[in-house]
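Provided herewith is a single structure, encoded as structure tokens, for subsequent inquiry.
Letters A, B and C mark the chains as written, and numbering starts fresh at 1 in each.
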Amino acid sequence: MSLANRDLITTDDLSNQEIEAVFALADEMSGSMKEQSNLCQGKIMASLFFEPSTRTRLSFETAMHRLGGGVISVVEMENTSLAKGESIADMARVVGSYADIIVIRHPWEGAAKVVANYADVPVINAGDGGHEHPTQTLCDLYTLKKERRTLEGLKIALWGDLKYGRTVHSLAYALAKFGANIHFRPSPGLEMPKHVIRKLTTEYAGILEKYGNLKEGGEEGLFPLDAIYITPSGPHQLANIPSVGIQIELEKGVDALYVTRLQKERLEPAAEGKESEKSYPVVDKKLLKEKGFRETIVMHPLPRVDELAYEIDADPRSMYFKQAARGVPIRMALIALLLGAKEVDIPQGKGMAFTQKRDYPVYKRDTGVRCLNKNCVSKQETETRYIKPVFQIVANDPLTLRCIYCEHEIHPQYIASSKWHQGIVEKKRYYSANSFMLGRIQPENLIIFGSEDEALARGFKPGKRAF
Amino acid sequence: MSLANRDLITTDDLSNQEIEAVFALADEMSGSMKEQSNLCQGKIMASLFFEPSTRTRLSFETAMHRLGGGVISVVEMENTSLAKGESIADMARVVGSYADIIVIRHPWEGAAKVVANYADVPVINAGDGGHEHPTQTLCDLYTLKKERRTLEGLKIALWGDLKYGRTVHSLAYALAKFGANIHFRPSPGLEMPKHVIRKLTTEYAGILEKYGNLKEGGEEGLFPLDAIYITPSGPHQLANIPSVGIQIELEKGVDALYVTRLQKERLEPAAEGKESEKSYPVVDKKLLKEKGFRETIVMHPLPRVDELAYEIDADPRSMYFKQAARGVPIRMALIALLLGAKEVDIPQGKGMAFTQKRDYPVYKRDTGVRCLNKNCVSKQETETRYIKPVFQIVANDPLTLRCIYCEHEIHPQYIASSKWHQGIVEKKRYYSANSFMLGRIQPENLIIFGSEDEALARGFKPGKRAF
Amino acid sequence: MSLANRDLITTDDLSNQEIEAVFALADEMSGSMKEQSNLCQGKIMASLFFEPSTRTRLSFETAMHRLGGGVISVVEMENTSLAKGESIADMARVVGSYADIIVIRHPWEGAAKVVANYADVPVINAGDGGHEHPTQTLCDLYTLKKERRTLEGLKIALWGDLKYGRTVHSLAYALAKFGANIHFRPSPGLEMPKHVIRKLTTEYAGILEKYGNLKEGGEEGLFPLDAIYITPSGPHQLANIPSVGIQIELEKGVDALYVTRLQKERLEPAAEGKESEKSYPVVDKKLLKEKGFRETIVMHPLPRVDELAYEIDADPRSMYFKQAARGVPIRMALIALLLGAKEVDIPQGKGMAFTQKRDYPVYKRDTGVRCLNKNCVSKQETETRYIKPVFQIVANDPLTLRCIYCEHEIHPQYIASSKWHQGIVEKKRYYSANSFMLGRIQPENLIIFGSEDEALARGFKPGKRAF
């Protein structure tokens, strides 16, 4: 199988089987680092970091050097042509004509996708704002797999800031895809956002059990639990058992604690930060003495602040430094594959997905519908010159559009049909998106308005029946 | 022919024949990229960027990597020893003892020349303030040549900000040198500066026809025209025909539109910026539909802002991304030649210059004459420790000195002679530089004062006859 | 001999013989640069510069490229994960799992030692605040040795800012270790700090003669002299002769003038800066005309400001640019040795040390004793999570503890013993550190308090006899 010329923008860009293939190649490469040193000779990686990240950048650059390739780097925003008002599309086209592969980190959500659309070379997303950071997720999965052999049926606790931590959202989807169960242990007030929960329960085939006993301490179980996501491949009896059963099950322990730091820089207002810091749960020696953690590995995407006590660094269950170190072979494998310097066999019978990618209808009409995420690449002054808003229609009740760039969702309130000769819908009338009319209009005829004014401005009048 | 150990500070540092040789090597290299990957192995390029420029820096670094060499980089001013008050001469000597070739971008005009003077290795100017950016010019000429086979007799329209755009000044000289005709289409208020016009008409052998019909719209021709520079090699009848003839000729179209962005960062005051932005001419689909542009290629040094509509990106006449991509082979050829890793044959009968470099007399006396360009390297506090002002005497009417660093020109008002025993000039008298006395004093005896006070302070008195 | 996997944090980490071996390898390498270009192929150097330094960084990166290795770089503080509150220990562990060798410059004193403690690869200190910069010292010694064949018995004048110049402190110790004599010629007010003097006279076996005739001009000798350090290997008669004899000796000249710039950025308050700038001694043509300087080489770690006149740059005695250039082979030799890519023979009979490293008792108890250097790595908020203060007990009169990180010294005032059953010391009593009790308590039983309150808080009462 060849992955040559593919992009990696979200974890979903790779099938489970392809991910297993990356892991297999990473295994092979870590066993023979020296033999890789000519693999990408003469190739150049552009390492474009428009947002701080020592670790990720150095890891990618190390990977390319270990493959024998060259690296050109951009480390900040101020010193680039972007400061002169250039669009990232133009930047992508030019850098894509210099380098053989582009790695980009950018503060705007969806930026990596735009770069991939315009550059003629493979693009790897090294983090686009709060959206995705797929190679981090690959490293996380790889460590779980190395330490536990398979991901299927594992119990993984996600710990800490589940609200702002981008890596933890991607990881949750990936775990679901690989058939793992997820235990949510957020710091109070930093629970998993609704859209992540919704995606987990609609696009992935598992069940979500809600507890919300964060205040009551760990009396009933191993730790305070907000919710559990139960994979369809999990012990079948569990999904049918009442909550108390899960708590009992939980006492047997989890396979991994995935800890994240408080994303202070994203908190607002400052008060939220102070409060969150105080109540933020810490993993320390005492906690790890609990019976249920006896065989639990402790993971963390790093950098840590105070949520992981230094005293557990020497504990054999602490995997966070190994996890970071494994970023190099994973990224080596990925770069070599995307550059076509390596091909891999798909492991047979492995890596079946516990979910299926859905093909949602796409909405492209220029009818005033805009993404509401102010950090979305489609909202930036320099980018509106060429980016047209495009959405997937992911749900009807309520009508939900997902921005194809940043994947934020919006709920427009007014609809109409482009065809009215059917006798079903009236000519040039608009309706509430919550009315029965939504079901009557064919997706290909659907017009969606960003606001009532938008509908009126285009000569539509309120429909009689559906408000 | 070997270019080993040469510097490239201004486009004039290379003869037309040498430029053709660089193009020939660039052609050869783009056809066999892989074969170049050992050419400069073991060599190191210092990439010193003391001013923002992603594109140029990445292009140079890519070129060196493609040649198999190593790169050491400096990306900004604050984090360097320059911040400790070091002169660029010292920096040049030290970095020149580390690296095999230096590429420098610096905000001070003339800085690259100083670096070349002090470093023991070849130096390439990657932009020194508003002065020169010769490799950009090479890329521009290279694209014209690739698309049109020859530069001789071409009609090139320079479009937009002709006042502050450094690349457009260098390009104008280079086009003249290669025998192309130039049509000036500035944004109102951003016309070609006088010193550029003067240089074009005195040092290059062509004729300049002035129109200045920028306000009247494009009614009379293809686009509003400020002036035309007609090369001596152009259709001979043209140079003798009245203006209207040129307009008619123009309707046959131009070979290339060379568009530049508004150099906002150089505008002062802010008001100028606002006004300029509004009236700035845009190249879009509609414009390119004009008959005269049917075979016109559209070029731009990038980054663009709004002057090139995205809608023409897919048009086969749009060359700006190709133009950027060609920066890599051009810079590869140049680096390989200056490092002596390649030699080239001078193409016979090609590249005759349409101008001749003049040897102006040089003025070096320490008599208070200073460059008036506050951005000139010779005016900077750290550099005055060792830089002595030196000028070329480029004209007598009025007396015009050109700073050898930044090439800005000044018009000193007072002169004297160092020899008075000839009976022609009086002892220790000074005269007006506009008087007949200027003609009487031998260049080697000429004393020029920065001010009348300077003359008096040195014990000179006003001459009787010449004021 | 192999130096593989060793760290270089202070000059003392290498024995004199090992330093001679580095020099021998540097000699060999400068003679055959091309042959080194595969020596470290496939190896990666992390070049972590959290404080400005073009010269040092580029010199290290050049060295690694010349050895055929790859480089990953960090150039400033703001754009790194450290800005997210990460400790340097974590950073060290992660980067140490990417790269094969780490070069670090950091503003905190002792930071390089912490990095060395936590990274699994060799670490080279490229400057840690005002503490050490050992490769600069190696370059200095190397130039002295190249120009004078041996260091033993040389007379070296240290010139300028001897107070804040970190390189000059390290150099003084190194010169003493190699048996050179040192003449101190500070700018008034910028004399060698007491702790340096103390170390020179206690840990190194030489004698210090004090003059302090800085105000009186150079009438009595070659230049105003503050003090001379006379090595035990020096002309033996000298050490026994009264001061005037030294002045006579001095008139015979010095072997090298080691000039340093005013470390403006470390001066406080601003007034001190202004005053120091005015009286700062300058080395110029006139000075070098003195008979005593006829064979004196002029050295400077660069960057210079005004203390070295440009007019002497062409003088064959000026060695500062050669000194900088030699940084590359020295660093190549060092990197190759630490990576185990080269081994060297210890030159027989060479490099005997004029001092012996002492093994001081170590104080590790958690009794409130803290380093008082606010720039010490052990005092930083992010680092106190895991760094425990540790001191060497370097003197008893007064009791002097030296921080093992930044090497600053403190003089705690209160002591006690952990054992009192001996009948000699009373139970749970504390005493003045200046009392006779200090001599009675075995080092392994010694308790030292940061303050009297600390002693009281731990349940100790004032001892009766010893205040």
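To be clear about the criterion, a contact is a pair of C-beta atoms (placed from the backbone, for glycine too) under 8 Å apart; a residue touches a chain by one contact, two chains touch by 3 or more.
Note that the structure is predicted; figures quoted are calculated from it, not measured.
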C-alpha-based rotation, chain A on chain B, 0 to 180 degrees, nearest 5: 120
Interface sides of chain B and chain C: same vs different residues, half threshold: different
Averaged-CA centre spacing for the pair chain C and chain B, given as whole angstrom: 49
Chain C, residues touching no fewer than two other chains: 73, 75
Residues of chain B touching chain C in the complex: 41-42, 44, 46, 70-75, 78-86, 89-91, 93-95, 97-99, 385-386
For the chain C and chain B complex, residues of the former touching the latter: 33-34, 37, 49, 52-55, 58-59, 61-62, 65-66, 68, 73, 75-76, 261, 264-265, 302-306, 310, 321, 324-325, 328
